[in-house]
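For reference, chains read A, B, C and D in written order, and residue numbers begin at 1 within each chain.
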Amino acid sequence: MTEPLDYTASELLAVMSGRILVDGQTAFAGVGIPLLAAVLAQRTHAAGLTILFEGGTLGPFVVAGELPPSTNEQRCTRRANMLLSITDVLLLLQRGYVDVGFMGGAQIDRHGNLNSSFIGDPADPAVRLPGTGGGNDIASLTQMIVAMKHERRRFVEKVDFVTSPGYLDGGASREESGLVAGGMYRVVTDLAVMGFDDETRRMKVLALHPGVTAQEVRDNTGFDIDIAAEPKFTEPPTGKELGILRHLDPDRLYTA
Amino acid sequence: MTEPLDYTASELLAVMSGRILVDGQTAFAGVGIPLLAAVLAQRTHAAGLTILFEGGTLGPFVVAGELPPSTNEQRCTRRANMLLSITDVLLLLQRGYVDVGFMGGAQIDRHGNLNSSFIGDPADPAVRLPGTGGGNDIASLTQMIVAMKHERRRFVEKVDFVTSPGYLDGGASREESGLVAGGMYRVVTDLAVMGFDDETRRMKVLALHPGVTAQEVRDNTGFDIDIAAEPKFTEPPTGKELGILRHLDPDRLYTA
Amino acid sequence: MSDREITQKPYLKLRADTQARDRSLREKVMSLEEAAALVSDGDHVAIGGCTMSRTPFAMIWALIRARKSGLHCSRSITSSEGELLFASGVSEHILTSWFSQGIVWGISRIMRAYTESKRARFEEWSHMAIGLRYRAGAMGVPFLPMRAMMGSDVAGQLDNIHEMECPFTGERVVLVPALNPDIALIHVQRCDAYGNAQIDGLEFMDIDIAMAANRVILTTERIVSNDQIRRAPDQTKIPFIAVDAVVEVPYGSAPHECYGVYEPFFDHMDWYAGRMKPEAEAGIAAYLEKYIYGPADWAEFLSLLGMADLLDASRRGRSIYND
Amino acid sequence: MSDREITQKPYLKLRADTQARDRSLREKVMSLEEAAALVSDGDHVAIGGCTMSRTPFAMIWALIRARKSGLHCSRSITSSEGELLFASGVSEHILTSWFSQGIVWGISRIMRAYTESKRARFEEWSHMAIGLRYRAGAMGVPFLPMRAMMGSDVAGQLDNIHEMECPFTGERVVLVPALNPDIALIHVQRCDAYGNAQIDGLEFMDIDIAMAANRVILTTERIVSNDQIRRAPDQTKIPFIAVDAVVEVPYGSAPHECYGVYEPFFDHMDWYAGRMKPEAEAGIAAYLEKYIYGPADWAEFLSLLGMADLLDASRRGRSIYND
């Protein structure tokens, strides 16, 4: 066994969420960690992964060191297979061409609802956040993967505002609201990989990252979260994975 | 006064309907007489007329001697300003960008309804005609000009089938059906120019062509049609107009 | 006759069918015959192009040769390919807005013979209604609203059209249901081996048809490299994720036209129309025998059209770029 | 606050307004100042592009200099141009899906300051909902159906959104109302003097916005001949019939990007973001003074950005065609 490698929390996040993507899938990716993770997946186990950006790009090539600042700049389009209008690329979600939506999150609750609109009372918020963008559409129409930092203030019992729907109030409430397709699939943090119970739709820990304890997850989660008595552990990031990430983001814009 | 010029019924039709078009208008034109008439208008009094084809062409240049066989061939697109999908060019009608629809007709009734679908009982027709194409859409959403031969079997009390709506049963029945915009504006034949009464929406003669009598129109119309006691007359085709038409259609495909 | 209807798929079924397709970037090049095998009897087959333009003629030719049956066909406007589909027995149901060889040739005798005798059905919708039905299918919604068709007998004789009042403005609109064809046949000027397609000139309804369908067969004048596609991704009109087969067929729309490559083979179309005049059904039966079933392959079909016609159609076709 | 709402026009009014426009093929070239005069206080102004891409920055710059007020703005995603619209007092209402300078610069302090104090309103709709609202406007229908927004608080806090059951499938869909802006501001790579516009790269929602609006101002990197447009009519994305003003403004999206011509002026955007950090409102007031009100003309504004930045942004912009 060699020495464990050094990596940042963001690098861990990118590696762990990238591993969830499957070869041949079509994935809507946000910029930052999701994009890094998706490109990492393409260059490791999922060469046939198709990336889509909500700005209108289908199947681009992301140039190392030229990561796009949003999904809407020309950097997103280099050597793409197709460019579409925003509305048309989002309609691919609705038509069912997209397997996975992959984004970051500011605040999430036990049923996987995401808030990126308001902290506090929406009518008189403590913080007005930037809003949904395509988040609501993507979360409504795909299997979602969310990558985010594991902090108590981000993992809350109930979000202040449901910007991007997860399982709403749990159980069958998502389907009953009219959202018959998609749903929250995985939440990946710097501590663990979470999924959702098939019945209750409550968040549960599927695996802890190397060296993380169940107590650490509980301490950093603002609600009661299910963790197996003998939890599984993820495999640590490999040198190859970290090397690809550092090649892609040499200035550590997203992986500092 | 010079000798009256010789011209065919189709040439008369093209000249008379072309004159109705106004400079600066945007007109949806079918092939055949409507297209010839529209190009004639452009080359006489309406240089700023914009022609649209239901195949998806906006503002084309029609080459003399290369008249398109339908609105969907590349001949329709020469030196056009824009090509759109069929659905999008038809949506220009719905959005309100188009002033005039201009087409031929197989059968018309006293309220300006057009039939291009069935002769006889639609459930067991004597003749299955080719159908609406964009006719229904154009008639539903623009001020319509129809150019057709004036024959008793074509001008009927009530069409067997309303393919392209005129004023339906007359009066306010068109608006009441939900068709709040557009309506039949003019019917031009080889005998006369017809309009519609503002109240009853019944067809009436606005002007007879040179040398045509009111009785001739009545004899060739399958319903009781209003003609003023002292009818107006149109001006005969000029040498310039006929010259342009013959230049455009040297093989007399549409003007024999 | 419920087997003469095109039915609407529930949304979850539509999604599941799409998700079951291999949408990855993979090579899909095959022969006309292999592509024909992707079409099942009874399928709803949407036909790209319009009238005599970018008709996927070679693919239809292959379907007739493969003796398909019970196909429900749909197309914006139907020309001679519809006559052949009826007369060959491949289809007894075409949903379209207009059906005849072309205005200059008068009313189709074959269309009349088959529909008036009720051996086949010409289901008539307005041009825009068909466009919006495909578009609804492409958008993944069950319907779209429109402001035509009201008051007319075209709407009156259809039972899957619905009127409603807009909840925002109180205005009356017509709703038309989505069309999601089982398979779409589209002919393009060029695409890559993965199915990224570029279309020059008039698009007709092809993009919506491709995105709405559960399977897409592209025939193409030529296959280009994926690198060429990626150099101008804003020129891609149909993405590889929606395509299931790519067949390279030069002159694949003949005797119809392919924008910028060839105009219609007018001499042949005139001759064909004349052939139907004395006895339509016997005429088209002979045509099917000689031109569809007879040739060993597509090149032999083109040979029957003749080199002179091919050169003339090509000269006229390319002339669009002369200015 | 009804003056903070964007209202929907009745169909006949929408048509009458469109028909009253001179849609003929005529020259429409004018200056930024003349084009700004086409915008009335209180208008609903739709802004083309997305985030930092093809923002009609020069036109917004001109509207701020012209001291417009009460504009209702809408845009797919709003970046620093929205901060300037709020801080200048030109607009107190922006309808958009996301509002911040850009992810890498964190949450907009100006957006927060204005919305949290209720001096201005950020009306949030999902990205697709905004796209479909413009599309409904472009199609001339009062609404479009969609399958997102349900269950969320984004829909919950809006009163002009409606749920219904599809009459064909029984499925539940959300209806979103049409947006028909009074005026649209769109920046393009090239157009002719009549307003036939070509757009390279990402289109965003610009085509729908242009067709939906009652008036369109195009700013363009360069004006080309109508002959050039007519040589490739399938490249025209916005037709002259929808355009009311054409303004030639090189670097008209600076300091944002224009696809294939220049990338964002990142140094300036970083500096701008930093300038807001200590005291956002004082920072943007100083920025407005120096960069918006101060310059004699657009060239002087570009001079303030600096030649080195301009060359670097251009080099990066053109690099998309290097492959």
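Quick note on the criterion: a residue touches a chain if its C-beta (ideal position, glycine included) is under 8 Å from a C-beta of that chain, and two chains touch if they have at least 3 such contacts.
Just so you know, these numbers come straight off a predicted model, no measurement behind them.
*Asks:* Can you check which chain pair, B-D or A-D, has more C-beta pairs in contact?
*Replies:* A-D
*Asks:* Find the geometric centre of each of subunit B and subunit D from their Cα atoms only, then give the gap between the two centres in Å, rounded to an integer.
*Replies:* Computed value for the inter-centroid distance: 41 Å.
*Asks:* What whole-number Å value describes the gap between the mean CA coordinates of subunit A and subunit B?
*Replies:* The computed centroid separation for subunit A versus subunit B comes out at 59 Å.
*Asks:* Which whole number of Å gives the spacing of the CA centres of subunit A and subunit D?
*Replies:* Computed value for the inter-centroid distance: 29 Å.
*Asks:* List the centre-to-centre spacing of subunit C and subunit D in whole Å, with centres computed as mean CA coordinates.
*Replies:* For subunit C versus subunit D, the centre distance works out to 38 Å.
*Asks:* Which residues does subunit B have that touch at least 2 chains other than itself?
*Replies:* Where subunit B meets two or more other chains at a single residue, that happens at 57, 77, 79, 83-84, 91, 94, 180-181.
*Asks:* Would you pick out the residues of subunit C that each touch at least 2 other chains?
*Replies:* 11, 140-141, 146-147, 171, 173, 201-203, 230-231, 234, 323
*Asks:* Counting only chain pairs that touch, give me the topology of the graph as line, ring, star, complete or other.
*Replies:* Per interface graph, the chains form some other shape.
*Asks:* What are the touching chain pairs in this one?
*Replies:* The set of touching chain pairs is A-C, A-D, B-C, B-D, C-D.
*Asks:* In the complex, go through subunit A and note every residue touching subunit D.
*Replies:* Residue list for subunit A touching subunit D: 31-32, 54-57, 69-70, 72-79, 83-87, 90-91, 93-94, 117, 122, 125, 127-137, 140-141, 161-165, 168, 173-174, 177-181, 253.
*Asks:* Can you tell me which positions in subunit D touch subunit A when the two form their complex?
*Replies:* Touch residues, subunit D against subunit A: 50-53, 76-77, 96-100, 102-104, 107-108, 111-112, 115-116, 122, 124-129, 131-132, 134-135, 146-154, 156-157, 163, 171-174, 201-208, 257, 259-260, 263-264, 317, 320, 323.
*Asks:* Where on subunit A does subunit C make contact in their complex?
*Replies:* 23-26, 48, 50, 57-59, 61, 77, 79-84, 91-92, 94-97, 99, 180-181
*Asks:* Could you list, by residue number, the parts of subunit D that touch subunit B in their complex?
*Replies:* Subunit D residues touching subunit B: 11-12, 14-16, 18-19, 22-26, 138-141, 194, 196, 211-212, 226, 229-231, 233-234, 236, 239-242.
*Asks:* Please name which positions on subunit D make contact with subunit C in the complex.
*Replies:* Residues of subunit D touching subunit C: 8, 10-11, 140-147, 160, 162, 164, 166-169, 171, 173, 175, 177, 200-203, 230-231, 234, 323.
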